[in-house]
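Letters A, B, C and D name the chains as they come in the text, with residue numbers starting at 1 for each one.
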Amino acid sequence: MHRPGRHFLQIPGPTNVPDRVLRAIDAPTIDHRGPDFAQLGLEVLDGLRWVFGTEGPVVIYPASGTGAWEAAIVNTLSPGDKVIASETGHFATLWREMAERLGLEVVWLEGDWRHGASPERIADALDDDVRAVMVVHNETSTGVTSRIADVRAALGDHPALLLVDTISSLGSIDYRHDEWGVDVTVGGSQKGLMLPAGLSFNAVSEKALSASRDASLPRSYWDWKPIIAANEAGFWPYTSATNLLYGLREAIAILREEGLDNVFARHARHAAATRAAVQGWGLEVLAVDEREFSGALTAVLLDGSDEVRRVILERFDMSLGAGLGKLKDQIFRIGHLGDFNDLMLAGTLSGVQMGLQLAGHDVGDGVTPALEVLKQ
Amino acid sequence: MHRPGRHFLQIPGPTNVPDRVLRAIDAPTIDHRGPDFAQLGLEVLDGLRWVFGTEGPVVIYPASGTGAWEAAIVNTLSPGDKVIASETGHFATLWREMAERLGLEVVWLEGDWRHGASPERIADALDDDVRAVMVVHNETSTGVTSRIADVRAALGDHPALLLVDTISSLGSIDYRHDEWGVDVTVGGSQKGLMLPAGLSFNAVSEKALSASRDASLPRSYWDWKPIIAANEAGFWPYTSATNLLYGLREAIAILREEGLDNVFARHARHAAATRAAVQGWGLEVLAVDEREFSGALTAVLLDGSDEVRRVILERFDMSLGAGLGKLKDQIFRIGHLGDFNDLMLAGTLSGVQMGLQLAGHDVGDGVTPALEVLKQ
Amino acid sequence: MHRPGRHFLQIPGPTNVPDRVLRAIDAPTIDHRGPDFAQLGLEVLDGLRWVFGTEGPVVIYPASGTGAWEAAIVNTLSPGDKVIASETGHFATLWREMAERLGLEVVWLEGDWRHGASPERIADALDDDVRAVMVVHNETSTGVTSRIADVRAALGDHPALLLVDTISSLGSIDYRHDEWGVDVTVGGSQKGLMLPAGLSFNAVSEKALSASRDASLPRSYWDWKPIIAANEAGFWPYTSATNLLYGLREAIAILREEGLDNVFARHARHAAATRAAVQGWGLEVLAVDEREFSGALTAVLLDGSDEVRRVILERFDMSLGAGLGKLKDQIFRIGHLGDFNDLMLAGTLSGVQMGLQLAGHDVGDGVTPALEVLKQ
Amino acid sequence: MHRPGRHFLQIPGPTNVPDRVLRAIDAPTIDHRGPDFAQLGLEVLDGLRWVFGTEGPVVIYPASGTGAWEAAIVNTLSPGDKVIASETGHFATLWREMAERLGLEVVWLEGDWRHGASPERIADALDDDVRAVMVVHNETSTGVTSRIADVRAALGDHPALLLVDTISSLGSIDYRHDEWGVDVTVGGSQKGLMLPAGLSFNAVSEKALSASRDASLPRSYWDWKPIIAANEAGFWPYTSATNLLYGLREAIAILREEGLDNVFARHARHAAATRAAVQGWGLEVLAVDEREFSGALTAVLLDGSDEVRRVILERFDMSLGAGLGKLKDQIFRIGHLGDFNDLMLAGTLSGVQMGLQLAGHDVGDGVTPALEVLKQ
């Protein structure tokens, strides 16, 4: 059954894939051991270094972001190692569970899902046994962005590795792997990089590489070493997801054309317009600290949000993000990341407002204040 | 230079081409004399009969709509023939000029570009020499829809042929070739049919076919006869624009899935919401007779509209229709036809409103009243 | 029902459309009156001048090649004008019929469909009343290429216009509009330009432009004047087939990358390999004068060819060209133009050989001698 | 730089992706937690069961085939477990290395890379400690197909699990997970399934599921349990590679249209024609046991094969498979799996023959005997 017009995919990722990227993917596969492939490989590896802000290696996996989480752990840690993790939301919780399943001891800094990781509490939790600190940069489940540079500063000269999940921030929110001193940055294809899901990344510091030599968790698929070695010549030890790499090449070209700073500014502006709408509706943004507002998505507190999302999907063909984990049915999330512009946001906010009203919520006018922001 | 997000193509055609149609076009060309082609040919011819509301032949040209205008004339008329045409706007004027260039004598019923063709005035202008009446169903330059059934009734049993241009109404606004007694209906691919430009059509009545036997304007490319003969088996006398026919097949499938009545209702609803916005802005719709409001586009009176369109294109990446001919810079036109939905319209109207304000026009809030209509 | 692997589309056009061109077509339509369109328009017009070998205007029609035939006539000639045409095959015959239907007097130089146009006979037929000479450069129905430069020389300083159909030679066989002194060159998109059908062209000399001012055949759609005027700024007077223009831009880029001379040489080489195969089979090429062998296709004499083509289509999923007109069932035609390479030709000739044998023709080995040519 | 015509991708995978599959992938991403996705998920899971010949669960990973190897191991085995593996070639060797890296003890049945796994030797190696037998069904590095049903029979009622890699046989060579009593079948997207690389699979028996409850290798990303649970409703625990799933849906539709038996027969026929060509060239096929000839690829013994492959790539734009591991430069491999037909094979073999000759190998005519096979 055809639904007229374009679906509004306003979950906080996967995001709208630009036509240019889809067309790039829609091309015949090539020999993954031939010269054309090598050129492709070197080109995307170089581009990713630019996106992550690093001069070190970036490892590409044909895997979802969850796979890159696992890779970050198994390459750097050993059974029983102690790590610190901050409860910033659903994805931080999932990453912690993975760490425990893989045999780590996690010091879990509980949180209210409305704040980012606390540099102070992390500093307090450090002891000689801590081998790594795991932080989610942008919590996709809450729209809260942790301050990674501050976390790094809080670690001082403690030898713990800093592992950061940027799945929903990379290419959307300012991020600097080298400058901020991160050891492993985990990224994914389906958010700011504007690709379908299916690729994920580890940007790796010297220190992390060094740690990987002693890390003893069993690993094979995720092992950095053979991948980094093969990458020298633009290849991979196993068959790459070539067509997604075509898309990655195009996505990087798009980011270069717009400029990363412009991309970040655009997202910040859309986030500000969205918060203006939330205020106009008389609702509350989940994030409470303005230093932690996310440029990628905005979560809005609303009891009974699932019914609103259902109405909006049915009536206006728009997908919004649900409340996850303990926030189920308590919030909805508006994604405004990826390949997105002012009028798409205006349509999005109009749809949210109509859906709230149709679902029986007596909300005010949020569209007009949002347009005021967009007009500036 | 990449512009983020999707361009808003809100000119009254060419319209947004659904991804399904673009993908259908993006397929290897086949032998235009082979069995697969024959099946394609028969399928699209059958589908077009359904779209036009006819059981007679529909002739497909690899040509723009202008070509199908010419075809309607050269197949049915002879040098010096007298025809009546109503000045409903820019395209009616262009069709008249074509008729004169091809050697016809045109009785030109002048108009103010704010009304449709007048059945009464056409009836008054009929005399024994009149061979045909030419009417534009939906004037793309003004957003005024002429009442074709009433025009037909006004002709009574006069033998003149009724030639109707439905280029911007077909598949957007209710139209019935057989039921309304039209002799030649001219259509195009790039509006309600949601295809790129490049195909155009003549739906042909028995009476028109009969007239074509005596019509003596020179014709070859446009000649119905060999085309209709070859169409029996699903072929054409010359190489068809096969890939556009792939798209046509998919577009017809989409129209069947939604249902033509639902398509017409959707467009009418969007037109009503747009007029509500215009009223909210304190501006005036060009069309004055509510029986003639167009479901496909809305033209808005505004002195200095070109600057507003420039601002909107630059700031919000949206294309609107300009004032054409004598309406240059006096109106702008909002297309809301084709593959379009509520949130795309909300984004469109938001963009118009912001653009008007940024260009210095002190307009009120049109978005809110439009959303009220869309919520119903 | 899926047929495995790629169809071999070895008719002499439409040809295989490169993926790059299909993907270029598969892109959202843009405003045909906006700045992006103007850039597209200027770019393809410039590229076409290069392809035609002219510094004069090239007019693009959204039409099949037949339409561009008509355009060449109605822009330059008047009712009753006398023209010379050479019977080189089916398409020359169709063009002649068109000229007659449009009211010209055609001096028809009969031929055996195995030779090109004879410069000597054309010179002999010239008298003071002759207004134009019509020649098909590459007869798609026979695989015979007429020597246009020699025809031009034969005209001497006679004022007749030279109209040349290059539909199946443009971009496949050496052609030079300006250098050879042609007045109107007719081209199409679906052969050497590697596009789907739907665009056609007139390259126009100063002399033809001048003739168009006095030519009195009725014309509107095909009229050069408003098109050339609008083209100055990159636009057209009516809605262009924008998506096909995207494809044209990409096709021109492909031709520039390979280089026209390399393209011509590749086609000539494939034609030589094909003739070697024909000889190996013990069959006869239709063309008899080696100066007139076509680089675009090879026609092979074979009584009962339709059955062979049927077997080949059914068993090997390959389309070959049929004998047309008076050659029906007497020949088959192998297209080797467009986006084509050595191994595709080897597969093609293998399929022809197997099909001939399966249909009961006791032919020898043509593949091996063809491979000998390809190996050089 | 454009290379004319289509590249011949005749490595034994990734294979040529049908246009229908590429177009299916080239579609907007949807909400991975919405109703449309659930339908997609259920549909591909159902289709995969059909392809694998199982009524049990099939787990889909966004990963290369190597990842599915790892999944088969970590879900069913514990550190120090003893497994038997047969040295059939390069990929069997890699899988063994992975098993050792993950902490298993591998009983390695050495082989000459020209034979499949020996049921007898496996039976002989079984003892009470053996927990699993790992076999590669079709060795992509050698073109030798092991007889899985015989291996299964040789295990008798020993409780060891049977793990089979079908990465290059699934959808190309007859395979029956349930009927043959396999416990974990590993598959990939980029061979017989005609997709780009990026998806891989585990088909899982009841016995394997049961074993997974006690298996203690650390696992998280690869863990079957949460995936199978989420699959009940058509979802996955993490973000799927949605666009590749679109392609998978289309690929399964294509396989259903042709019928798996027809697909297998087509591949077997192409393999026979290829072996006829090898014989004609006077060369030797690597596989020596005719019961083990692969339908998916044919490896040909040739000292100095890398130079031949280089010449073929440069001159004829065809990629062939290299000799891997200890066969480097000793063989070349011709892939004839996936979306492939008779004339593509004829072109392929022609290219190999010409390349051999151009590289200085004095080979005979292999194309003619191959065509004889194809004609039958």
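Rule of thumb we're sticking to: contacts are C-beta pairs under 8 Å (C-beta built on N, C-alpha and C of every residue); 3 or more make two chains touch, one makes a residue touch a chain.
These numbers were taken from a predicted model, which means no experiment stands behind them.
Interface comparison, A-D against A-B: more C-beta pairs in contact at A-D. Summarising the inter-chain layout, the chain whose CA centre lies farthest from the centre of chain B is D. Centroids built from CA atoms put chain B at 45 Å from chain A. If each chain is reduced to the centroid of its CA atoms, chain A and chain D end up 33 Å from each other.
In chain A, the residues that touch at least two other chains are 6, 16, 23, 26-28. Here chain A touches chain D in the complex through residues 6-7, 9, 11, 13-17, 22-23, 25-34, 61-67, 69-70, 79, 98, 101-103, 188, 190, 196-198, 217-221, 223, 237-244, 313, 319, 322, going by the rule given at the top.
The part of chain B that touches chain D in the complex is made up of residues 19, 23, 26-28. Contact residues on chain A toward chain B in their complex (touch as defined above): 1-6, 8, 16, 18, 20, 26, 254, 257-258, 263, 266, 315-318, 339-348, 350-351, 353-354, 357-358, 365, 367-368, 371, 374-375.
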